[in-house]
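First, the structure itself, so that you have it in front of you.
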Amino acid sequence: MSSQDIPEENLPAEQDAHGAVGVANEQDPFADPGLPPHEHRVQDIDEQAARRSERVVAFLFTVSMLATVGFIASYVAIPHDRAIYVFPIGHINALNFALGLTLGLALFSIGAGAVHWARTLMSDVEIADERHAIEATPEVKAKVLADFKQGAKESALGRRKLIRNTMFGALALFPLSGVMLLRDLGPLPGTKLRHTIWSKGKLLVNMNTNEPLRPSDVAVGSLTFAKPEGLEEHDEEFQTEIAKAALMIVRLQPDNIKDKRELEWSHEGIVAYSKICTHVGCPISLYEQQTHHVLCPCHQSTFDLSDGARVIFGPAGHALPQLRIGVNDEGYLEALGDFEEPVGPAFWERG
Amino acid sequence: MSNNESPSSNEPRRGKAPAGERVADWADGRLGIYGLAKANMRKIFPDHWSFMLGEICLYSFIIIILTGVYLTLFFHPSMNEVEYHGSYIPLQGQMMSEAFNSTMHISFDVRGGLLIRQIHHWAALIFLAAMFVHMMRVFFTGAFRKPREVNWLFGFLLFVLGMFTGFTGYSLPDDLLSGTGVRFMEGAVLSVPIVGTYLSFFLFGGEFPGGDFVSRFYSIHILLLPGIMLGLVVGHLILVFYHKHTQFAGPGKTNNNVVGMPLLPVYMAKAGGFFFLVFGVIAAVSAIASINPIWSMGPYRPDMVSTGAQPDWYMGFSEGLIRVMPGWEINAWGHTLVLGVFIPLVIFPLVLVSIAVYPFIESWVTGDKREHHILDRPRNVPTRTAFGAAWISWYFVLLVGGGNDLWATHFHLSINAITWFVRVGFFVVPVLVFVATKRICLGLQRRDRDKVLHGRESGIIKRLPHGEFIEVHEPLSQDALHTLTAHEQYVPAAIGATVDENGVERKVKGAEKLRAKLSEAYYGEESQIPKPTVEEYKEITSGHGHH
Amino acid sequence: MKKLSARRRHPLAAVVVLLLALAATGGLYAAFAPASKAQADETAQSLAIDEGKKLYSVGCASCHGTGGQGSSDGPSLVGVGAAAVDFQVGTGRMPAQQPGAQIPKKKVIYTQAEIDQLAAYISSLGAGPSVPTKAEYGPDGADIAKGGELFRTNCAQCHNFTGKGGALTHGKFAPDLEGVAPKHIYEAMQTGPQNMPSFPDTTLSEKNKKDIIAYLNAVNGDDTESPGGLELGGLGPVSEGLFAWVFGLGALIAVAVWVAARTAKAKKS
């Protein structure tokens, strides 16, 4: 590449083949004109421009090195719990911000340098490469088929049927061992999904205060969540049990309860429903106290708590199970038994 | 080895490196690398930004693996309950699983841990998004045609596996948001007729949530699925190399060549550089934007929930399906068929499969057995383009359904109204989009035809001697003429003669009739504008000039 | 002294003297008769009730009835207590502008003094929760982590993990809690405005409420740290997905366009 002071003189002449002149004279105006001739970039003909590109690439690689040094410095210098305010992002962790930006800059600069190098300094002459059919030629195909036939014949697999059949049998059966091994992934369902730890006499314990509830605690329009007495957060089985036993307690004016059974199972208008949605088991609890509707935040199933918690909108298939409650001798709310139907999502054996 | 005077034409004289050559010779003697390099070192790759979408996928996948390995050094895949005593104040003393606790530790007490976590998660979202866009690029340009159908399936499988790898990863921290997602999955599994409860008990090692799913998801997330994906990625790349890349029509570009830059040096620098660019951008995004702040969500408890409970975006369409489905449930003979959950569970794979099988349907309709290496412009294949657009709109309607609560709060709409919109839109929107897209494609084809025959509108208004104003049309260059007329147009397949030479009538099979019908729909008069012929062109250009 | 005598005949002189005299008498009274302070308070209270009643009959009676008994346009206010008034009027929800799915918060049009008078009047109609004191909702002695657990149990289902709000049925919504005064949050829990259920002290103790407010202040306050960077609305995966598409993939595609684009050609023109 010659380095001329006046690059214009080095520029290639304007491409006259590029124009459309004379197209109509040719036999087929739509014919493929072939690869257009290569045009030079500024860097190809102007060494100064090429040097500028070189400097830009080198600068980018240098920035990357500095950014890596910055990364290491940030890692060492910035305490991991230091918060800073960065406009307009907000109060953020200084270390995360510094590490991320320096790492990002270090990587991006390497990439930008390499790409700039490729785009401005490496040859940009387009090359055409021939393609070859993916399919084999008929000769190759014939040879392969012949080889296969020969091999199959020599194996005697087709002739000795007994070998073939028993081999297929063995190969088909052995994966069963693998399937058997999966059996102990979990216990069989049995009736586990039908029962919760609620039973007659268990007190309704307020989730917030961990104290048993009295009817007077529950005001009309309020929302309370309860768990069965004796289930504590540190218990081994807490997660699994609360997944079925969680209760939602609201109090309605007894006149507002439309469903007869709901009224019977309530206590002075206090009703206890399963908190677990009958759709796919989200803890449903978006209670609208004026409409008595409760909405599931996951899939918007809506239940009417004043009407036996029947479904009024959304994908749930059946009403929320109600827990029958009463008051014990000491004046605390208690369960009068387990739920009469399985709580949570429906399943095949639910019936 | 007389390497002192190896006048290799590949190597510039000044950079002769005898030591390097000796190493290469050693390797070649054992691995045959020279043979490989001969075929691939100067392999040609065409330049187009949309051909780099796949590279974004590949690089984000590599980034995910690198950061994922780092995260495994600190993460404890255990559901044992522990009390939190790390540096985040608002969770002090809370009960949580070790999985959540160790994720908190990574986020707050490991220097740079939060950054790597965020890179891992952002890269995952971008990986899936890039795969989606890459797949659509391949779809709309017809790059899936022979010989690339198998690679299309590899790519599709990668997308689906990516979704599930993402879902299992999202579930690992055992936070309140992801736990809600796992709970949803349990409900969906339970809805499967006959075996649902058994599947659920085997998956969770008993009742939900039990103490097993994090460790099980962990091995699925870090070993099983990524292992399969890695294999598929390698296969995908080998096939890309083997088939050579497709290219758009243009001067000098034929079905028998590939025009572009050689792997060494240009593509190595560009592709290698692009890896760093992708990594750099994702690292910067992770420095600037927070993702999955589990400390805000808190540890999972099956009796707690937050509004706005959504999966990551790639599972959003399944969330939409489940949200808008009416609550159908059939109870009979002591059993329950949970259609409200099971139907979405069945439609979920169907949505994906409908796009995956499309190439095979199209190749059946066209009956074309040739290799295709020149890409289609979407407008030139209106039916395919319309189908693709309809599919995207379908997907998007479901995404709207999956985020209906946020649409409601941010656009002051009723959540019930949005749900109804999605219920109707699920059926209507794809049809509308199909019709509209097809018409747009035909319009664009007409415009191309006009451009070829009458030239480009120059914007120059000329007044003729008799007072008439005309716009001067400039004739196109031969390059442009060739590019605009390079595509092939199929003729609708007709049902062959129903009476053979002996006068015996043969039965026309249903499949054949269907195929003829589809072919008519694809390539009939209603579905493509005949491209200009040389005769038409000559007639117009030799006649009274331009109009 | 000349000046003063010159102004003695000023028309306002009498007023000034009277005021001084009154102030002196009042001061003396206050100094010498502290025993009857309660009585004075009661007087002030009944004054406030009277003032409140006036404000009520102008601004509220058209919907809630002349005696607070309610009408078809507004619920009864008997027994809702001062806390409900302080919340509804103090956040600008009342007086309502137009009926709708939900009455949103807006600019407050009454002064705190007027709100107190209204509250006094309403609580005179029937006993209800009173306005909480700073000691009740202030941060002293609060357990933030416990507050977080309580928030996730009782509040997050509608208001989101960190109180960013969420959707309810038919266009109703649970509002964003950012910037809401602790007093108003306390009152909302106590009284259950509109469709929000109430969380009375019997089921969510005063300490519980204090913890919740402290938690909210920690995770949704002005100085709340978002360690990872932009919070993206704190809405979870939807906004994250949008960000990944627009800024993540968007930036990468922009970069790809640059990488693949032809370098500018040298051209004479």
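Observations on the structure shown:
Note that the chains take the letters A, B and C in the order they are written out, and that residue 1 is the start of every chain.
Going forward, contacts are C-beta pairs under 8 Å (C-beta built on N, C-alpha and C of every residue); 3 or more make two chains touch, one makes a residue touch a chain.
Composition by chain, UniProt nomenclature: A = Cytochrome bc1 complex Rieske iron-sulfur subunit; B = Cytochrome bc1 complex cytochrome b subunit; C = Cytochrome bc1 complex cytochrome c subunit.
Quick caveat: nothing in here was measured; it's all calculated off a predicted structure.
Relative to chain B, the chain whose mean Cα position lies farthest away is C. Central chain by Cα centroid: A, whose mean Cα position is closest to the mean of all protein Cα atoms.
For the interfaces A-C and A-B, the C-beta contact count is higher for A-B. Spacing of chain B relative to chain C, judged by their CA centroids, is 48 angstrom. Our note on geometry: chain A versus chain C, Cα centroid distance of 38 Å, whole angstroms. If each chain is reduced to the centroid of its CA atoms, chain A and chain B end up 15 Å from each other. For chain B, residues touching at least two other chains, in rising order: 108, 114, 118, 270, 273-274, 277-278, 281-282, 285-288, 290, 301, 303-309, 404-405, 415-416.
Multi-chain contact residues, meaning those touching two or more other chains, occur in chain C at positions 153, 157-158, 166, 168-169, 174, 226-231, 259, 261-262.
Listed for chain A are residues 89, 92-93, 96-97, 100, 115, 119, 124, 207, 225, 283-286, 297, 300, 313, each touching two or more other chains. If you check the complex, the residues on chain C that touch chain A are 150, 153-154, 157-158, 166, 168-169, 172, 174, 192, 194-200, 202-205, 208, 223-231, 258-259, 261-268.
Chain B makes touch with chain A in their complex at residues 42-44, 81, 87, 95, 108-112, 114-115, 118-119, 147, 180, 183-184, 186-188, 190-198, 200-210, 212, 242-244, 251-262, 265-267, 269-270, 272-288, 290, 300-309, 322-329, 331, 334-341, 371, 373, 404-405, 415-416, 419, 474-479, 481-482, 485-486, 534, 537-538, 541-542. Residues of chain A touching chain C in their complex: 7-8, 11-14, 39-46, 83, 89-93, 96-97, 100, 115, 119-120, 124, 206-209, 213, 216-219, 221-225, 250, 283-291, 293, 295, 297, 300, 302, 313.
Against chain B, the residues of chain A that register as touching in their complex are 18-20, 23-24, 26, 28-36, 75, 80-81, 89, 92-93, 95-101, 103-115, 117-119, 122-124, 126-131, 133-134, 182, 185-189, 192-193, 207, 225, 227, 233-234, 238-240, 242-244, 246, 275-276, 279-286, 297-301, 311, 313-318, 344-351. On the side of chain B, the complex with chain C involves touching residues 47-49, 51-53, 55-56, 89-94, 107-108, 114, 118, 122, 125-126, 129-130, 133, 176-177, 270, 273-274, 277-278, 281-282, 285-293, 295-298, 301, 303-314, 316, 402-406, 408-409, 412-417.
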